[in-house]
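This report refers to the structure that appears directly beneath it.
The letters A, B and C name the chains in turn, as written, and every chain counts its residues from 1.
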Amino acid sequence: MKRTLTPYAALLPMFVTVLVGYIGSAVWTLGMSMTASRTFPSSRFIGLAQYQRLFDNERWMLSLHNLAVYGLLFVVACLVIGFLLAVFIDQNVSGEGVLRTVFLYPYAMSFVATGLVWQWLLQPGDGIDSAVRALGWRDFRLDWIVDQDMAIYTVVIATVWQASGLVMALMLAGLRGVDPEIWKAARLDRIPAWRVYLQIVLPMLWPTVATVLLLLATAVVKLYDAVVAMTQGGPGTASEVPAKFIMDHLFLRSNVGLASAGAVVLLVPVLALLAPYAYARSRRAAA
Amino acid sequence: MSLHPQGVAQSLPAAAGEQAPARPRSRRWRPARIGIYAFLSTAALFFLLPLYVMIVTSLKSMDEIRGSGIFALPLAATLEPWRQAWSTVCTGAACEGLRTGFRNSVAITVPSTLLPILIGAVNGYALSFWRPRFANLLFGVLMAGAFVPVQVMIYPLVRVMALAGVFGSLPAIVLVHLVFGMPMMTLLFRNYYCSVPQELFQAARVDGAGFWRIFIRIMLPMSLPIIVVAAIIQVTGVWNDYILGLVFAGRENLPMTVQLNNVINTTTGTRLYNVNMAATILTALVPLTLYFASGRWFVRGIAAGAVKG
Amino acid sequence: MANLNLRKLNIILGGKNIIRDLDLQVEPGEFLVLLGPSGCGKSTLLHSIAGLVDADSGAIEIGGRDMTGADPSDRGIGMVFQSYALYPTMSVEDNMSFGLRIAGTPKDEIRRRVTHAAEMLQLDALLSRKPSQLSGGQRQRVAIGRALVRQAQVFLFDEPLSNLDAKLRAELRRELKLLHQKLGSTMIYVTHDQVEAMTLASRIVVMEKGQVQQIGTPLEVYERPANRFVAGFLGSPAMAFVDGEVDGAGRFSAGELALVPGAACCAAQVTDRAVVLGVRPEHVAIRADGALSGTVSLVEPMGNHQVVWIRCGAHTLASLVHDDGAWTPGQAVRFAVDANRVSLFDPQHGNRL
C-alpha cells in the first residue's frame, strides 16, 4: 500500500489550529507580558517588569488568594459530594434514572444562568434568608453575597451545585467498572460495605479520581462566567478572580502587558498539573 | 449416590442467565436503607431547589414577590414576565427582549456545532487509522491546549481576527468555537474510531479505497452514535458559552447568555426578579431540553470525553 | 471436612424457578463437580450454597448445622471466583488476612493461619506482591489461600479456569487436583468443561435447565449415561446417535447398520420398539474382519490418535484409531462395534433403556 499525503492534508486544520490558535497565541501572550503594551501591543521590551507590577497589585493578589480558597473548597466539596452521591446511587436504589437526571441537570445550565439563580437565592432580604425568617428564625441573616469576606463562598456554593453532578456521573461510571465478584468476596469475608468502599473500591478508582481532579482543577483556574454573573467580582473587588482580572485589564482597563503577565501566571498551575498527568499516562501506555 | 434417570425436577422453563445476581442482596441493610434514601432525597431537594425557585418566581407578579416568600407557590400565576423577557427587556442599547439573543445563539450554535464535528471526525479518523508521523504529538499538544485557560489565547486571537477583518462578526465567533472545540471533538472521534476494528479499515484499503472514500463511505455512516454525543456536547457548550461570545461575536450577534447577563446585572432602577428569572429560564431552555431529552446520551458523552481525557 | 446436605431446595430468580426440589448429599472430602452448559443453573446452585443467593424453600445443611438462612460469612465456606476477585490494591498477605482483621482475630492467630496457608500453597515468597504482579496460577492459589485462612469446611469453586487459555487451564487443573489430595477438604466445583469434570471429580452432578440429569462417579456417568443429554455432553468426540428399531429378537437395525446389543448394555431385554443407539468412537474399531462396512468420509489426525469418520448408509460414525494406519476419504472399510458397550435410549424421552 503506497504512502499517501492525504492524511497530512486532512490534518491541516488541526495543525494550523494548534500552531496558531494554541501555541502561537500562548507564545505571543508570553511575549506581550514582557512588553509595555497598553491598549495595543507594543514592542518595547521591559523584561519582567510587568510581573513585578502584577505581584505588587493588590487586586491581583486578592484574586490569587480568592482562587486558592475557592479552589480548595470547590474541589473538596465536589469530590466528597460527588463520591457520596455515586456510592449511594450505586446501592441498587429504585428510581436511579430519575436521581441521576436530577443531580446532573445543573451541569447542562450555563455558568451565567447558575450564577444568576444563586444570586437571587442568596439575595439578603429577598432570597433564602427571608424565607427562613418567615419560618420563625427572626434573626437569621444570610448576607454573604454582599459581605466582603464571605462573597467568594457564595460562588463556591453555586459552582459546587453545578459541578457535583458531573463528579457523581464519572464516579458512578468508575464504580460500575468494579468487578462484582469483589463484592461477593468481601461479603464472604464479612467486610462491612463502608470499609469495602474506602479500603478496596476507592483505591481501585484512583485513575477515575485523578481524571476528576484534573477536570475540577482546570475548571477552578478558568472560573470567570459564574463570578461575573453572581457578584461581578464584588462587593468592590472582594470576589475577584484571576481570569476576571485578566479580562478586565485586557479590554476595560487597557493594560494588555499586565494582563498578559497575569495570563502567563495563570498558565503555571495548569502546566504543573498536566505534566505529571501526562507523564503518568505515558508510563502506563508504555507498560 | 444414585442415578436419576428422570431428573429430580419436573419440566421447567429455561433457567435465567447463568450468573447469580451481580450485587448480593444483603439482609443487614434494612435500617441503613432508610438512611440512604433520606440522604438521596435531601440531596435531590438541594439540587432541585434553584429550578423550583426559578420557575415559581418567573410566574409571579412583582407585588407577589415582594409580598410572599421565595418558596411560595404563585397565587395568581402569570406569563407576563415571560413575555417581557422575550420581547421587551432592554439588553444594552436595544429593548427588544431576549429574542434577538435567541436568534443569535441559534445562528452561532448551528455552524459552531457542524463544523467542529466535521473536522473533529476527520481528525479522529486520520489519527486512529492513518497515524501520520508526528500526529500523536500534535494531538497531545491539542489536548493540553484544552486545559489551558482561554485568557492565555484570547488577546492574540482578537488581534488575528482584527487583522483578517472579521473581528466582531459571525464568522469570527464560529471560528473561535472551532478552535476551542477541536480538542474535545477530536478526542471523542479518535476514541470512537479506535474501538472500530482495524480489519475493517484494512479490508477497505485492500479493496483499493483511498482516504476520503473510506471516510465518507464507511466510517462516517458508522459514526452516528458518536455524532449524536458530540452534537450534544458541542451544542450545550456553545449555547452556554459567555466569554467567547462576549469578545468575538460583535454587538449584532451577541448570544443569549451575554444578553441575559446584561439584562440582569446592568439594568438600572428596580430589579424585576420575575422577568429576570423568566429570562434565565429562557436562556437555559435549549440545553436543558436537550439534556432531559437525551438522557443517557449526555452521560455517555461525559464518560467518553472524560475517560481518556 | 464437612458434609453438605441439600433438601428440597427451590430457587426462584427473576420469576423463573431455576432450581426445583433439589436433593443432594455431599460426603466429607469429596470433590463434587456441578457440570452443565450455560444457563443450567449450576452457578446459581453454588451461590445458594454460599449464601449469596437466597433459597425460596428447602434446607441447606453444612457440617450437620442448618445454614439455610445464615450469612455467607457464617457458613464455614470459602469461595474461589471466576475472576479470583483478589483485592487489587492489597498485597497477597493483606488479601488473605483482610477478613480476619475485620473480624478482630488476634494478630498472632492471623499470622499463624496466613503462614500455614502460604506454606501449603507455596506462596511464602509472594506475600508482599500485589495481584497484578502474579501469574494466573499464583492468583488461583491466593484465592484458595483466602478461603483456607477462614478454616472453611467446604470450598466452592465458580468456574475458576474458564478465563484461562488451554495450556494454563490444564496446568492449574492438575495443581487443583494435587491440592485436593493434600488438603482432603470437601470441594464443590462448577464448570461447563467436561474434561475438567472427568479429571477432577470424585462425583459429577450433570445438570441441564435446572434439573439434575445424573449423579455418579466420572466412570459411571461416562459409561452408563442416564439419558441422551448426559451421553452427548460427556466424551469427545461425542457419542454418535443412530435412530433405529429393535426387532422381536432384540436385534437393532437402522438401514445398513445392524447389530445385536449385548446383555450388559440395558436394564432389561429390549424388543420390538423404536430406539436410539448410542456408540462412542472408542468402541468402533476398523477391522478387516468387521461385520459392518462403510466408506471413509473424513480423517482427523490428532497426533497420538486419529479420528476416522465412517459413512455407513445414511449414518456417520466416528472411530478412534490408535495405530498409524493411513486412511483416505472414499476408501471402503470394514468395521466392528463393541456391542457390550453401546447404549440404547428412548427416542421420545431420551432416557436410558
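By our rule, contacts are C-beta pairs under 8 Å (C-beta built on N, C-alpha and C of every residue); 3 or more make two chains touch, one makes a residue touch a chain.
A quick note: this is a predicted structure, and the numbers were derived from the prediction, not measured.
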| item | value |
| --- | --- |
| Top chain pair, ranked by number of contacting C-beta pairs | A-B |
| From subunit A, the most remote chain by mean C-alpha position | C |
| Approximate Å spacing (C-alpha centroids) for the pair subunit B, subunit C | 53 |
| Interchain centroid distance [CA atoms averaged], subunit A/subunit C, Å | 56 |
| Geometric centre distance via CA averages, subunit B-subunit A, whole Å | 16 |
| Contacts with two or more other chains, residues of subunit A listed in rising order | 184, 187 |
| Where subunit B touches two or more other chains, by residue | 24-25 |
| Touching two or more other chains - residues of subunit C | 52, 71-72 |
| Touching residues on subunit B, where the partner in the complex is subunit A | 22-26, 29, 33, 36-37, 39-40, 43-44, 46-51, 53-54, 57, 65, 69-71, 119, 122-123, 126-127, 130, 132, 135, 138-142, 144-145, 147-157, 159-160, 178-179, 182, 186, 205, 210-212, 236, 239-243, 247, 257, 260-261, 264-265, 273, 276-277, 280, 283-284, 287-288, 290-292, 295, 298-299, 302-303, 306-307, 309 |
| Subunit C-touching residues of subunit A, taken from the complex the two chains share | 179, 181-182, 184-185, 187-192, 195, 200, 203-204 |
| Sites on subunit C touched by subunit A in the complex | 50, 52, 71-73, 77-79, 81-90, 98-99, 102-103, 146, 150 |
| Subunit B contact footprint on subunit A (complex, rising order) | 1, 4, 6-8, 10-11, 13-15, 17-18, 20-26, 28-29, 32, 41, 81, 84-85, 88-89, 91-93, 97, 99-106, 108-114, 116-121, 126-128, 130-131, 134, 161, 165-166, 169-170, 173, 180, 183-184, 187, 193, 211-212, 214-215, 218, 221-222, 224-225, 228-229, 232, 243, 246-247, 250-251, 256, 259-260, 262-264, 266-267, 270, 273-274, 278 |
